[in-house]
Amino acid sequence: MNMGTLDVVLAAISHNISFVGKMWSVLMVGLRLLVVLLAGFTLFSDEEERFVCNTIQPGCSNVCFDLFTPVSLFRLWLLHIIVLCLPHLAFATHIAHKLLWDRSRSGAGDVLHSRGSRGSPCSTPETSHLLLQHHGRGRDAPRCVRSAPSFHCAYLLVVILRILLEAAFVAGHFLFFGLFVPRSFLCYEAPCTSGVECYVSRPTEKTLTLHLMLGLACLSVLLSLADLVGGARTALRWRRRTEMES
Amino acid sequence: MNMGTLDVVLAAISHNISFVGKMWSVLMVGLRLLVVLLAGFTLFSDEEERFVCNTIQPGCSNVCFDLFTPVSLFRLWLLHIIVLCLPHLAFATHIAHKLLWDRSRSGAGDVLHSRGSRGSPCSTPETSHLLLQHHGRGRDAPRCVRSAPSFHCAYLLVVILRILLEAAFVAGHFLFFGLFVPRSFLCYEAPCTSGVECYVSRPTEKTLTLHLMLGLACLSVLLSLADLVGGARTALRWRRRTEMES
Amino acid sequence: MNMGTLDVVLAAISHNISFVGKMWSVLMVGLRLLVVLLAGFTLFSDEEERFVCNTIQPGCSNVCFDLFTPVSLFRLWLLHIIVLCLPHLAFATHIAHKLLWDRSRSGAGDVLHSRGSRGSPCSTPETSHLLLQHHGRGRDAPRCVRSAPSFHCAYLLVVILRILLEAAFVAGHFLFFGLFVPRSFLCYEAPCTSGVECYVSRPTEKTLTLHLMLGLACLSVLLSLADLVGGARTALRWRRRTEMES
Amino acid sequence: MNMGTLDVVLAAISHNISFVGKMWSVLMVGLRLLVVLLAGFTLFSDEEERFVCNTIQPGCSNVCFDLFTPVSLFRLWLLHIIVLCLPHLAFATHIAHKLLWDRSRSGAGDVLHSRGSRGSPCSTPETSHLLLQHHGRGRDAPRCVRSAPSFHCAYLLVVILRILLEAAFVAGHFLFFGLFVPRSFLCYEAPCTSGVECYVSRPTEKTLTLHLMLGLACLSVLLSLADLVGGARTALRWRRRTEMES
Amino acid sequence: MNMGTLDVVLAAISHNISFVGKMWSVLMVGLRLLVVLLAGFTLFSDEEERFVCNTIQPGCSNVCFDLFTPVSLFRLWLLHIIVLCLPHLAFATHIAHKLLWDRSRSGAGDVLHSRGSRGSPCSTPETSHLLLQHHGRGRDAPRCVRSAPSFHCAYLLVVILRILLEAAFVAGHFLFFGLFVPRSFLCYEAPCTSGVECYVSRPTEKTLTLHLMLGLACLSVLLSLADLVGGARTALRWRRRTEMES
Amino acid sequence: MNMGTLDVVLAAISHNISFVGKMWSVLMVGLRLLVVLLAGFTLFSDEEERFVCNTIQPGCSNVCFDLFTPVSLFRLWLLHIIVLCLPHLAFATHIAHKLLWDRSRSGAGDVLHSRGSRGSPCSTPETSHLLLQHHGRGRDAPRCVRSAPSFHCAYLLVVILRILLEAAFVAGHFLFFGLFVPRSFLCYEAPCTSGVECYVSRPTEKTLTLHLMLGLACLSVLLSLADLVGGARTALRWRRRTEMES
């Protein structure tokens, strides 16, 4: 009863994510977040200020920059990482809720039906047991781990969602941005009189960062596919074992 | 008695929020706060500096910007998220106060009436019990959980308030801002001589962010409605069970 | 003896603040601090830079801005919130000191007079008892909670101070700033030759924020009055009970 | 043995500071630090940039600003608060070191001389005892609290140092800065040709902040004097009691 | 069962890193991160703004800066430190996963085969045991530490990866940047008419910082080589002992 | 077994640093870090921007600033403080590693030689014992504290290194910077046509801060010398006692 509730929830979450999934979290989310926040922020912070157009027509620079980058790469990457973490956050919330809910239900069950079932590991009201219930799955009576497979399915769903989000991200980059940030941009839009040439700041570094992010996205898809295959196998094995035992 | 007071309060709060409500907190508040703080801040930070007007009349740019955006979208979104969290903060304060108050009242009851009711789970002065009292509701004697329904009603109130706030937010956007950030703005106000055209910075990205925020608000309303229906059902079932038991 | 000293102090403080007082802390201080720090900072950060005067006389803009806003609204609001929190900080320090002091005094009393009063709940040197001493007030022998009323009086004093500070704040705004931030300002001060017109940046948004802050101050006064009435009643009831018991 | 070392040290430090001293820490250091960091930073951040001189001679503005404020008020206040906290930090280090040192010495003493003294409260090697040793001073045998008076003297020294630092600060302000920040400044220094007039930014607000800081310094001196008188009395009473007991 | 899961994982990680490896983490990663974040950030923050070219042709400065530094040294160093930490993060994830996995597998083994092996230290389900299992390796029965050598190999792999990354970093600097940041740069690129001379800001300080970073990288390689030799010896000794025991 | 590993390590580190050493850490590192980060950052942040040269030749200002301050005082001070903390970090790592290593070795010894020495305080596998082992040194059997003197020597080494680093820092300032920041600087470098005079921003405040930092460095050397003498005496006394006991 000594362990904090938070500790139990964290342990349960970490148990329900496979090794490849943990690696993915650390390498992909951690690496990309650090790269975007630390390096990307200073790289893109003055992208509009140093987007120099060869004109003195007021507003022309604003309109050309809007045409050149309808969405800033920096903010798009930030949004991508945030959206990528959402399924995992929802998964973690799902586990945390299940843990607390099972506990109060099993506790309620003690009162409503089945008195004296205190001795079975399924219904002890101790908090520390909650960890074991989902942890040492095979050790407990099969009756009380019936809710566990839902975690397997939910995790597979999370991985599939992850792959789709990454693929959409890579495809979107190919379609809307291309693979290179050009050095200059020709713009014939309304307030600018005739064609105006605008010069982008640090195009080489931006191109290299773009390649790095796309490469990391591809690596992330590969890791997620490996995670998917491993997760599917574990789920199948688990189902067979449950069927044999029941 | 080992668990910290904070831990007990946190567990009680997390128990009194339904699964949909937890999902809503994580997805809606977390996602929107991250989007507004990380992406919105850099997007809107230079909105007035890069609002370029085709004039050299001093003060004209100031007056036109005030007409164009009487309230900054960034600060409005920030305020909206802060106001949206207030009912939940009040709800959490309500639960925390109730927990500590019930405890001291039941303790006081021991002294004032003091009929050796120490053995009943309602009046044990242990802190860890406070969690169980509101947690494993069905297990305790019905007499001591009489204060629990108020949490159900309070939660429903919070959800209804949430829906109203979101609806007001979406309606306010439609009325005052429209659905698009225009590329240029014509301004005929006092210090500007004749009509002056002003050019907005990054109109496309601002429009897309506006759509994202409105979409999230609609999703939030739907999630809250689901939460409301679920919460109402739980409250009804709870009331029936209490009536049957009493 | 397991609970940390900090935990005991926090629990004692939270117990000595009424429900309305807790609500006030969360809604008024939290909301206002977030609004001022997050929204106010970006709104007022360039107030002097974008205060545009129709002159090229050096120093004229400086002098006119000093006349227009002798004290920045942003810094005034910040100072107001800091000052508003001071009585509560002093109250918390008072409680924390009393808790530790009572403990060492009762411990010292054991040694100096030492009448085997170990068994009474008043003088057990356990840290966890300190919480109960001020918590379950009615349960302990009346002798040892004699210091508790001082907390009631101190809390009432804090609430009264709070109301006076808020009222002074609202009155000060009416007197020195008025209820509206004007769009332009006429200035006839020394270095400026003849009358010079200066244009304020974002006057509408500043006016709305001013109204929001004044509204919150009025709400805070109402909440504090309700807290005052409730606190006075509790103190009276408490005094009567002590008189009856003694 | 459950309490962390940090907790013991914190409790010992908080016990050795009187009520007035705690109030002083919270009100004076906390209030001034918040005022200087939050309000002072934005007020003084552009003091040199907006120090406008009526000349186009390069370097003249730099030289005049150096004459006008040889030391920035903001940085001086920051330094003052940091220096003011140093005696307290040294005092806290002194207590923390004494606690750990006494413990290992008394432990060593058990082994080298005097075996069997385990039962006395002075030499039990339990960490939790360390708190009691300096806490419930009167309860323990007088032999083991012999090191306590040094804390009284050290604390009085800290308070005296505090008063001297504050007095030097106020006197320094009167001598070097005066009580008002002027609106303009006449400068006849080398690179400027003839007399040049420079205009200070926000002189009224700076003057008011200066008065606030000086007022807080005077209040701090008064609080410290009260603390000094109270501390001296406690030390005298303590000495008499020790003499009577020994 | 009192220790938090996090604590167990931290202790296991710290045990599996040699003394030289810990020194390397503290000195190399800590020192370089502090130097790059604190000193490097302010040194390189205005590198493009103060890259002054002797021309007024728009866009020429942008193009010349892109030629002069295709990748900013500051961002390259940041990326290098992040990439350098990745193998260690993966290693830590590996250990943490192994710890939790071994535990649930051994627990499952109890149920599936269940030979009353409860008494052996390998299969006790206590969390605190997990630490001992990998900690006091020699004390437990040899059967249950069979998974430990994988940590030795993984650590050697991490060290080798570290050396390769550092070598690639130093080589890349020699090839692409050279050892000196020049004071001026001649640029004959497209939008600039004829040759244009550009002046770099703070070349001396940048050169010294570059030398510092390269020197630290070389020191890091030497430390890592020492770590590699020590780790290889430990692994060999460990293998021999296991072979002798089995 | 309740104390966290981190707590044990912290207590052991704090025990192995003398009183003067702790004072030095708090006063010298804390004070200097606060002064440099809070006051130094705002003082030097615009040193290049406000370094005004009496010329309009492009690049001349860059070249003259590079000559005037080859290394920024702010970044040099920052680097100095970081380097000064490194020996202490290495020392702390050394202690932490020794603590965990001794423990696993003594545990392994139990198994390999296993002479029932469980009862002796040296080889008990309890975590809390680790603290006592290096803490109450004299109480344990002399055999198990044989590793302690290495800490004394290592600490003396750290203090000597500290003194050398401070001395080098002060000497470097005298040689390369002198004791005063001049108000103006004459520059005859390549791109500037003829001699150009440049004006430094805030020379008086920079000179005073330089004096403050040099004074603190001298004080630090004196404190470290006192620490060295005290540490050497303790080490000698310790050696004599060990020799007498063995």
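Chains here go by letter, A, B, C, D, E and F, matching the order in which they are written, and residues are numbered from 1 within each.
In this text, a residue touches a chain if its C-beta (ideal position, glycine included) is under 8 Å from a C-beta of that chain, and two chains touch if they have at least 3 such contacts.
Since the model is a prediction, treat every value here as computed from it, not as a measurement.
**Q** Going only through chains that touch each other, how many steps at minimum separate chain D from chain E?
**A** Step count on the best path from chain D to chain E: 2.
**Q** By the touch criterion stated at the start, how many steps lie between chain E and chain F on the shortest route?
**A** The fewest touching-chain steps linking chain E to chain F number 1.
**Q** Is it true that over half of the residue numbers where chain A touches chain B are used by both copies, so same, or is it different?
**A** Chain A vs chain B: different; shared/all numbers falls short of half.
**Q** For chain D, which other chain has the most distant CA centre?
**A** The most remote chain is A.
**Q** For chain D and chain F, what's the span in angstrom between their mean Cα positions?
**A** 23
**Q** Could you please state the distance in Å, as a whole number, between where the Cα atoms of chain B are centred and where those of chain F are centred?
**A** That pair's centroid distance is 47 Å.
**Q** Which chain D residues reach two or more other chains?
**A** As it turns out, chain D has residues touching two or more other chains at 2, 4.
**Q** Viewed as a graph of touching chains, is the assembly arranged as a line, ring, star, complete set, or other?
**A** ring
**Q** Under that contact definition the chains make a ring. Starting at chain A and heading to chain E next, list them in order.
**A** A, E, F, D, C, B
**Q** Which stretch or stretches of chain F touch chain D in the complex?
**A** Spelled out, the residues of chain F in touch with chain D are 2-4, 7, 10-11, 14-15, 19, 22-23, 26-27, 30-31, 34-35, 38-39, 42-43, 46, 50, 52-54, 128, 132, 135-139, 183-184, 197-205, 208.
**Q** Along chain D, where are the residues that touch chain F in the complex?
**A** 1-2, 4-6, 41, 45, 48-49, 58-59, 61-63, 65-66, 69-72, 74-75, 78-79, 82-83, 86, 89-90, 93-94, 96-97, 100-101, 103-104, 107-108, 110-112, 125, 191
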